[in-house]
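We call the chains A, B, C and D, going by the order they appear; numbering starts again at 1 in every chain.
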Amino acid sequence: MHIPRLLINFKAYMESSGDRAVEISKSAERIWREMGVLIGVSPNIVDLRLISSSVEIPVFAQHVDPIPAGAYTGHVPPILVKEAGARGSLLNHSEKQIPLRHIAESINMMRDLNLISIVCSPTPSESAAVAALLPDAIAVEPPELIGSGIPVSKAKPEVILNSLRSVKAINSAIPLLCGAGISSGDDVKAALELGSYGVLVASAVTKSPDPQRKIRELAEPIASFTRA
Amino acid sequence: MHIPRLLINFKAYMESSGDRAVEISKSAERIWREMGVLIGVSPNIVDLRLISSSVEIPVFAQHVDPIPAGAYTGHVPPILVKEAGARGSLLNHSEKQIPLRHIAESINMMRDLNLISIVCSPTPSESAAVAALLPDAIAVEPPELIGSGIPVSKAKPEVILNSLRSVKAINSAIPLLCGAGISSGDDVKAALELGSYGVLVASAVTKSPDPQRKIRELAEPIASFTRA
Amino acid sequence: MHIPRLLINFKAYMESSGDRAVEISKSAERIWREMGVLIGVSPNIVDLRLISSSVEIPVFAQHVDPIPAGAYTGHVPPILVKEAGARGSLLNHSEKQIPLRHIAESINMMRDLNLISIVCSPTPSESAAVAALLPDAIAVEPPELIGSGIPVSKAKPEVILNSLRSVKAINSAIPLLCGAGISSGDDVKAALELGSYGVLVASAVTKSPDPQRKIRELAEPIASFTRA
Amino acid sequence: MHIPRLLINFKAYMESSGDRAVEISKSAERIWREMGVLIGVSPNIVDLRLISSSVEIPVFAQHVDPIPAGAYTGHVPPILVKEAGARGSLLNHSEKQIPLRHIAESINMMRDLNLISIVCSPTPSESAAVAALLPDAIAVEPPELIGSGIPVSKAKPEVILNSLRSVKAINSAIPLLCGAGISSGDDVKAALELGSYGVLVASAVTKSPDPQRKIRELAEPIASFTRA
């Protein structure tokens, strides 16, 4: 199972929907081929199938509901997300918080379907809690820095260090991504040096005048770091 | 604005997702061409764009969130649904109940985008409440009959009659669909004779061994009735 | 059934909890005896029984869940609220929005228990929607003015006028209270002159250095107006 | 800080509200004095203050919201629960599931107020997740056995054993209660022998024709066990 080192969340932005979602995803694919850095994209659910059929890099839903296929108007079961070509899903993003039991059930359902679960968490202690549920990866993001342009890796390095420590104490095999305010290659480098497996970004790429250049900038420190 | 007389809700069924969603939608389109009965389909959100680009009949989301495009991971704003080709959305289905204010805000946002809002309601008095919010149509469905195979139009005709009366008292221009347990042409006929503008169906079509034949059966009384 | 002309919402303020809740409620009771203006209080649920047993004026819960008595940990059925001495409940406050169906079900359950339902609404069209559900009273409060100190009755008189018009069109017997930013006797007078049956207030009283004097100030225009 | 060995959840039952809530609580207090077994009661929030002022045994809310005192109509901040005399709160009961972040924030707010947090969980892995958030105690209850009369301690001993193991791995100081279907002294004995610190019960006591006798029956094995 391949967890992306750079995961781009398209949220519900116009700038990263429809044709633009395809374009950004193809840019990410190009950088992956160019540099060998595994990049994932998480488009809005309306674009999920379109993106899955347009690129070979892994595509993630932004949320799934812990339900089987069935009579659930307005809900999205993991199996339909898989059928639409996704390789996994984000869960519990600070913009889409869900009950503890839904996190646990969704992880289990996704595991049975061979879908990658990446669970978001705002703090070290919640990262530890999530780790106990055995997701495939955890993405720690202090909500107050999301979209702020203030990089977690520089402004709150202790959030990353403490999350790493507390997650490792529970299960040393779960990779930790970090996010919130990451907008330059330098921010990514700082995150990796602290011990992050990778980073989660959104507006830095989706609102960039030149997303491909921005993705390359963010991927470069990962390429250097993982080569080293 | 064209409100379908027959609206097929695909829910989150496997039987009406992916390729099968396309197939059922194409069947509906064929019946529309054959009989002139306007049929709408409401696929799962993962299939929305696929279906919109496959057929000319109107396609409806099963739910939208009352938000603009933006930083809303795991949410679906009306504008993205429109961009994906939908002509409107269901709202407040009994399987996806939302706060009163969300109904009002979603209707307003959809009106501004020229998207058709069809708001579900379980009872006559809630149909009246919804009518006051001026949606494009209302679909009354007693939850206890949904998926039961017991047709609302025969088992609870008073729900339809009282909904019609109470909606008309508020705004006589809002068409009323009815649903729950509708599974034969006869059930549709009964609904129309009571005064329904149309019907909302799900498993009767999606789980049929021959969806096209079933759609034809359900559309026939509408064709007769609207010709009469 | 007696709907208060002045309803004081204690929210979850420290300033209006425990002993202070009793004191404010007794002040309200005194003004009621002094002026004959019916005043209601809506304490936090932890204080509901304490207040109900301390004063004779009507006490309202701030919210109830649409459930019977039973295995509902962390929920509050209307019947327990009644048993604790409440005379009714607020519902759907902008700080506690609930699904349309919960509003309808709660109103029905409260009616069966002889409890007064006062349903909050942010706009004229939602006031009309609520009116169709036949609550005992409606309280319209534009959320952006709640706690602002800018009185709805002066800053947005059209919200009151349009709510009155749209509620009357549905059921002319439902009294309309208005709230948000009401903090002086003058604001109350303006509300009554526009046609409000009464007003809903919170911080103006609960955070006042002299709640009794403030209640008297707010009740005076009601006394004059209803005498007139 | 004293965590009860026997915690009685009154839910929203008529049989354990108002005067009956006082009576059951006084019975629990008597057994505590008689046997020295610490018993806690968790009345419905409408009865919280009444019970707190009637008995000396610890009283727990059934839920709190992760908010400070303030403009939160229809919500209950921990500080008001404390002011009403509670010694702590249950959280995340299977009948009142809350987002992971709310659990974390509520625990932290309660710790700052010296309130005891007892967090419910349905499975061993969710118990571990909760343990990482450092509550004062965890209560594991398989939801399918709640109210069933089939005791978790006999029907699903592995849930208790695995929860103990996984909680200990994270923090060996957090006591584990277990619940669901516990209705006899024998069920309690089985729970203690498996390693439970105590038990959580509801209908076995609240719906008993003789609650005091039932509480004594449930407390006896605890008295024997803790003496041993």
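Operating definition for what follows: a contact is a pair of C-beta atoms (placed from the backbone, for glycine too) under 8 Å apart; a residue touches a chain by one contact, two chains touch by 3 or more.
Being a predicted model, the structure only gives us computed values, none of them experimental.
> Report the chain whose CA-based centre is farthest from the CA-based centre of subunit C.
Ranked by distance of C-alpha centres from subunit C, the top chain is A.
> Just the number, please: Cα centre separation of subunit A and subunit B in whole Å.
34
> Residues touching two or more other chains, restricted to subunit B: which are they?
94
> Looking at which chains touch which, would you call it a line, ring, star, complete or other?
Graph shape, chains as nodes and touching pairs as edges: a ring.
> Of all residues in subunit D, which touch subunit A in the complex?
These residues of subunit D touch subunit A: 92, 94, 97-104, 121-123, 125-126, 128-134, 166, 169-170.
> So in the complex, the part of subunit B that touches subunit A is made up of which residues?
9, 11-14, 17-18, 44-50, 62-63, 67, 69-77, 79-81, 83-84, 90, 93-96, 146-147, 202-203
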